[in-house]
Amino acid sequence: MTHTFINQIEPGKAIDDIYMAKEPILRSTSRGDLYIAMFLSDRTGQLNGRMWQATETIYKSLPNPGFVHVQGRSELYQNNLQIIINNISAIDASKVTIEDFLARTDKDTGQMFDDVKKIVGRIKNPQLKVLVEEFMADAELMEKFRNAPAAMKLHHDYLGGLLEHTLNMLQVAVAILPLYPQVQADLVLAGIFLHDIGKTEELSYDMAFSYTDSGQLIGHIAKSLVMINQKADALAARNTKIDKAVLDALGHIILSHHGQYEFGSPKLPATLEAFMVYYIDDLDAKISQVTSAINDEPSDSNWTAWKNALQTRLYRKRIE
Amino acid sequence: MTHTFINQIEPGKAIDDIYMAKEPILRSTSRGDLYIAMFLSDRTGQLNGRMWQATETIYKSLPNPGFVHVQGRSELYQNNLQIIINNISAIDASKVTIEDFLARTDKDTGQMFDDVKKIVGRIKNPQLKVLVEEFMADAELMEKFRNAPAAMKLHHDYLGGLLEHTLNMLQVAVAILPLYPQVQADLVLAGIFLHDIGKTEELSYDMAFSYTDSGQLIGHIAKSLVMINQKADALAARNTKIDKAVLDALGHIILSHHGQYEFGSPKLPATLEAFMVYYIDDLDAKISQVTSAINDEPSDSNWTAWKNALQTRLYRKRIE
Amino acid sequence: MTHTFINQIEPGKAIDDIYMAKEPILRSTSRGDLYIAMFLSDRTGQLNGRMWQATETIYKSLPNPGFVHVQGRSELYQNNLQIIINNISAIDASKVTIEDFLARTDKDTGQMFDDVKKIVGRIKNPQLKVLVEEFMADAELMEKFRNAPAAMKLHHDYLGGLLEHTLNMLQVAVAILPLYPQVQADLVLAGIFLHDIGKTEELSYDMAFSYTDSGQLIGHIAKSLVMINQKADALAARNTKIDKAVLDALGHIILSHHGQYEFGSPKLPATLEAFMVYYIDDLDAKISQVTSAINDEPSDSNWTAWKNALQTRLYRKRIE
Amino acid sequence: MTHTFINQIEPGKAIDDIYMAKEPILRSTSRGDLYIAMFLSDRTGQLNGRMWQATETIYKSLPNPGFVHVQGRSELYQNNLQIIINNISAIDASKVTIEDFLARTDKDTGQMFDDVKKIVGRIKNPQLKVLVEEFMADAELMEKFRNAPAAMKLHHDYLGGLLEHTLNMLQVAVAILPLYPQVQADLVLAGIFLHDIGKTEELSYDMAFSYTDSGQLIGHIAKSLVMINQKADALAARNTKIDKAVLDALGHIILSHHGQYEFGSPKLPATLEAFMVYYIDDLDAKISQVTSAINDEPSDSNWTAWKNALQTRLYRKRIE
Amino acid sequence: MTHTFINQIEPGKAIDDIYMAKEPILRSTSRGDLYIAMFLSDRTGQLNGRMWQATETIYKSLPNPGFVHVQGRSELYQNNLQIIINNISAIDASKVTIEDFLARTDKDTGQMFDDVKKIVGRIKNPQLKVLVEEFMADAELMEKFRNAPAAMKLHHDYLGGLLEHTLNMLQVAVAILPLYPQVQADLVLAGIFLHDIGKTEELSYDMAFSYTDSGQLIGHIAKSLVMINQKADALAARNTKIDKAVLDALGHIILSHHGQYEFGSPKLPATLEAFMVYYIDDLDAKISQVTSAINDEPSDSNWTAWKNALQTRLYRKRIE
Amino acid sequence: MTHTFINQIEPGKAIDDIYMAKEPILRSTSRGDLYIAMFLSDRTGQLNGRMWQATETIYKSLPNPGFVHVQGRSELYQNNLQIIINNISAIDASKVTIEDFLARTDKDTGQMFDDVKKIVGRIKNPQLKVLVEEFMADAELMEKFRNAPAAMKLHHDYLGGLLEHTLNMLQVAVAILPLYPQVQADLVLAGIFLHDIGKTEELSYDMAFSYTDSGQLIGHIAKSLVMINQKADALAARNTKIDKAVLDALGHIILSHHGQYEFGSPKLPATLEAFMVYYIDDLDAKISQVTSAINDEPSDSNWTAWKNALQTRLYRKRIE
């Protein structure tokens, strides 16, 4: 069954498809009949769903949030499209093409991961090398690293976004490091590879993007620091000791890479390498964010809507 | 030999005592003779020292910083007291009464540590209990905990200051927790006990108070978080698992206890317990800081000098 | 007649009850018939009310805001509950159970006031003692003090909230003052008792909580200062002079108790006592605010909605 | 005896004159002889004074700060001028021409006060009129008003400065009020007259400009508010009641006239009149401050030194 | 045909009038019929318009935004007024009374411009004189100067507003310059005349007020600076050289007249004249803004709604 | 004559060399003899100079600042080196090796300029191409561009620094533009070439680095904008019109390249190209600044002194 995306549904059509259901409520009409209101969505958008002649049993069978098989039809109500549901049943996530529900990078994650591997493979400092390899050897973590989004919104907010953002940053670093020979290249490469590794635990992305409890309480910056210490402890237990000075130089890059206290960095950059990672991260994130905002602007105006995070509207017209 | 403190030295007296030497420089006079200039200090102050007729051999024998045995005399030079050195030799730290050089709490650290133990001994939550005990069982760390200062300056900036500040906070918590029964007492007590534990690694205090490299690169907040994770890993290796939810709730208190991003907290308080620890910490630190500023004011004015950290002068006159 | 609270009304029920009416408007339908739209509320919520077949006479008889006796029925309109009004008439406030309309502390205000009296009764400093007694002797003011809310929103925003908040603060002070013997206890107790006394004039709370004109133009901080000066003038007229130094020390606590300029304090804390009152006030207010936010969260998520005043969401899950 | 001003003293001259002494210290030389170091000043500057062969009796006879009759001579010491004192004795302030020690406006304070009287005499609103007259009738307060400086530094920092600044503001108001007929002129004039009246109590200026304890604890803004309330109470006691609305509108102008929280205003301007007084105050203060900075610049550069309060250097070159 | 203003339309009336149409969309009903939704507006407000039984040809004939002749009727839909359109056709802007669509000053722009001319005619400095005359001689620019609004919103946001604001400022300057003889009057007058001249290019105001692309990319401050340099270049090409010092002093006033970096001034005021222009600009803008907010408040409360730009509500009650 | 640099002078040596003299003052000793005090400097440092037995004629012959030929000797005075001057005479700047007095890039400016030319030679957009060529053809301006420093302090603060910084930025852009194909490369290259072009007028650097009057009043950002408009006007006068859209897109990059209002940008970045130039500028400036701070640190500590502009100390120890 080919999925009909939310943003492709036209009024007056029969619906027989899988969508994600959220926030179902059981209500009664003024005549006392029960009905269920809910949201139905996929990665292209969200509509209201209404099931008239509902029962409490049906209501209790619904996941929140979760996937459902819906049969019914689309209609316009007060100029808004909605879905009138005749039958609804919960569907296991394993039966679902997850890409229909969560945006995914349009690049090849296998290829990107190989590229990351190749670039960090250049690291010669023996301690950084062994530490990076310890992360690479953690198959479960690397699986998450290949799939995690880089953020909830703003930039690279799709499956594989963390990998794509990390690779972009590594490529920028490789391009400019020769221009700044005083900067310790291995530290920069290891720092970029691991700077957001805690996002694998900060964000959950099985059905929708959201923060984990742990992500909100601790945050990916502090988590990344804990993770490199745990990997170093594991190496030490196998008699491969990472010097405290190396671990702290790397940890400092991670802690300071947001560049400012109010963006959650408990330390400001204090080494050449920390400054370089901070700027490369901010450059790649902002270029991605501005590109998306310009591409996603629904109007045909020369300017996007006001972007609060950037404190400006963005100009879309090209001169070239 | 009783130590004559720097602030007790009068002009024109013979000197035969141990002081800390800092920043020695070998210079030549306009006639070409070599001499050494340096600072001599103990915990009560610092003076200039001058050794005329010096040699490069003597200069090279001097620690920087480090303890020296000085023979010579005090004199007034342009209305400033200085020490003219006849003989000088390096002295091993083991031969020195460290309390002459570093300020120390005037309370009994053994007694204070017992009090801390007693209060955290009230913790009933089994996981917090076992985690706190794991810290208590780390004799080397507890030795540091008993001796560390709470800060470089501003508040409790003396040996034993961390212990004194932690005990004060625990006592305040014990006094007010009954007034706020909705606050989880065990979390507050464990959070206070461990909130600054990373200061044992952030500060060095063998000859003078200073930040360690690691302290400046990582900071005590992130260090404390890493330490509780490492203790939990150690417990897990012995089959005592601390739930992630417990560890994160405790970690959140630690990360947020400075209350504001610009004071180095990467997370703002988001639980009742985090708010309580933040306020108790700030209250105890500020009362200590204001008390010291009022007591240490050298003038007999009703007001202290301007205190930049508080953005005000402080009023010293009492009405009672 | 038992009051049916707004949050208890179900669709399709007959209504014969008293509510507060606000912002009535007389409108005409597309057919030219007049109707009145208004809000109907009590302390649990607010609904739209509609009276079809209305007249200008009825419209002019309605208070704004004010209590009304409403007869009609509830119905769902576009999934929102509203009240269709058949008869409506203004009702005098004296006939109304005010507690149905304004939230009130669930503690005993008589008991709380006695507790406050007992604690400030410990003040020994003769001048502070006489000044506090002068306030206690002002029966009209004390009546307002017992009933005023502590704030419009955020914390202790209910009748008796000012008293409850003041008592909590006094109890915290009594618990921790023994730990800080250098702090002048009488000043702290008098400062807490009077720190928000101007709120009795800043807020009006006869039918709903709102700021008075005077409250908005002058604010409770400056008003509290004027009030202690006026009481001191009254005492002076009866030959009991309060020293300027005592009055200024107390006034300084009042002026600085918000702790920061941007929260309306024209002076920053500059005495031990001012710091202590500021921290106790902030602690009690924030614990109350966080507790309410956690308890009032309508969803069953582990996290509340974003709280702008705290710049975070709040975590509700307990570990104990 | 004509006073020789500090900035007119040349090296190698005999001194027999009155200066203000500050911070005397009794010290001993390296030979054990006692001497006294102190500062000697008048309104043009300050020099070091040294009295060799001093005694503790002389030391104890010195005021701090206070006027002294000094006999001795001037000399250059390490290229700095200092005064070597042979005889010194305390002098009563009544024997001193205070203008030699405190800067004073070069305008006629009698004339300026008459001009203020004339302008506020235009106020027609009966309540503001009677309130302003109540202040005018307080001879002791008006005496202080004529003599107080407007500030410790920055602008109008000389005797009579408060009067001069107030008159300037009134004249600006009289000039522009006709252009803004919607602004209530009487409120603006009364607001200007009284906006800084609390400075008569905030600053002391008998021997030098300094803040009083009360000035630092309470500040002139809150003091001014208390003063208008006390005058209104005094009028009420004589059966002339000022409406609360009038008093609050005037009080609001006073509280908000610094325009921003961080400059000590607990309320932001919320009426046309408050905005007008704020802008006229800031304009007159800044023009005075910039004029002084430009005139007082000691170098002949086109630019003054960096002015921290203005966050810029100032350009002095004229084009006209 | 007299225009019926949007805010005068009642339900159930026939409509045959010109309005501005914006954002038309072609939609289909649930039955598959096409209809067009759009906004219809004039300077008094905006309504929804609906044309049922529409065609794609009609839709494509509609301007966006642009003037249209509308025939139909008004009706209430869910208590909101809307216009049901039977016929609609685009209308050329030349056939329209533009004042019906854009607010205009109620003062005489010819008279105001003469007044501006008269005041700047007083400038005696030969270089400023010739520069101002060069602007006055640019008929096309002066035509824009007479018609431009002073801002998109907040103050003088209507046709002729720039002229009215500039004239007000010149009149304030003429009134107060005699009180500050140290301020170079010619620079102030020329600075005021030209401070916002770039707004003629920053704002477009043919059918509605909006920013031009150039206005958003460059801003009126930098544009004004470029314009005075271009006029000086034009004069230089005709052998009338303006000294760099004069041009820079004038340019500095323009660049710094917002007074703070965060309001878009790349330089802070550093001359007496720059301070004066900044204060006069801010005073006139704020008085205008507060006056409008007070006059436009729809409720009869003593207070306006919260004004975010001023961070307060405004008090409207007069005491006189 | 080889120049002996200030930082190479040892005590007790004969001096016969050229230095820059600053701030000479004529003073008299306590015995009434005249002498001259001044500063003598070159690019390596500054010393006090003293000429005893001076005359007013000599004093008046001295430039301030300016070059002088000095004969005398060095001596230690109170442990500070100073120069005792026997003969002194002003020297014309043309006789001086300016590189002895102003730091200069150690790279080849001819080569660097060729590299810049080559990179901007890649620009294909015809309008940007012609505009860049117009600047390249201005030989006088390009001469300044090759020699100007990039800043007074902090980064690239030496002759040729502007060129070096501009070239670095162009090289970074060339390296990373292929990674961001959506960014208009020609605009970025032209924007980098011209972003600081106004610094040729903002800074003067004939004898020492300082701001010009014009630089302080207007600033290099606004100056750069005026310059591109003037070049476009010149082209237009020769019938080569640059579209307003192109000029504004380029002007926007210039105005916004400091990225934040408080750093003097009157506009925030609003195009992809503006963001890219801002990040490349900040990255190159900060890497240069941190590198200098680390290299110039005089102590052998792992940490530099506190750097206020970066709000941290910098860590110098390498791990590689």
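First chain written, first letter: the chains are A, B, C, D, E and F, and each begins at residue 1.
As a working rule, a contact is a pair of C-beta atoms (placed from the backbone, for glycine too) under 8 Å apart; a residue touches a chain by one contact, two chains touch by 3 or more.
Everything numeric in this text was worked out from a predicted model, so none of it was measured.
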{"item": "Chain hops separating chain D from chain A, counting only touching neighbours", "value": "2"}
{"item": "Between A-C and A-F, the pair with more C-beta contacts", "value": "A-F"}
{"item": "Rotational angle, Cα trace of chain C fitted to chain D, multiple of 5°", "value": "180"}
{"item": "Self-contact between copies chain A and chain E, residue sets same or different by half", "value": "different"}
{"item": "Farthest-lying chain, centroid of Cα atoms versus that of chain B", "value": "E"}
{"item": "Approximate Å spacing (C-alpha centroids) for the pair chain B, chain F", "value": "43"}
{"item": "Separation of mean Cα positions, chain F and chain C [Å, integer]", "value": "61"}
{"item": "Interface hub residues of chain C, defined as touching at least two other chains", "value": "213, 216-217, 245, 249, 252, 267, 270, 313, 315, 317"}
{"item": "Interchain contacts, given as pairs of chains that touch", "value": "A-B, A-C, A-E, A-F, B-C, B-D, B-F, C-D, C-E, D-E, D-F, E-F"}
{"item": "Residue ranges of chain C in contact with chain A within the complex", "value": "11-12, 75-77, 79, 302-303, 313, 315, 317"}
{"item": "Contact footprint of chain C on chain A as seen in their complex", "value": "27-32, 37, 213, 216-217"}
{"item": "Contacting residues of chain C [partner chain D, same complex]", "value": "213-214, 216-219, 221-222, 225-226, 229-230, 233, 244-245, 248-249, 251-252, 255, 261-267, 270"}
{"item": "Complex contacts: residues of chain C adjacent to chain B", "value": "125, 127, 168, 171-172, 175-176, 179-180, 182-184, 186-187, 243, 245-246, 249, 252, 267-272, 275-276, 279-280, 282-283, 286-287, 290-291, 294, 310-315, 317-320"}
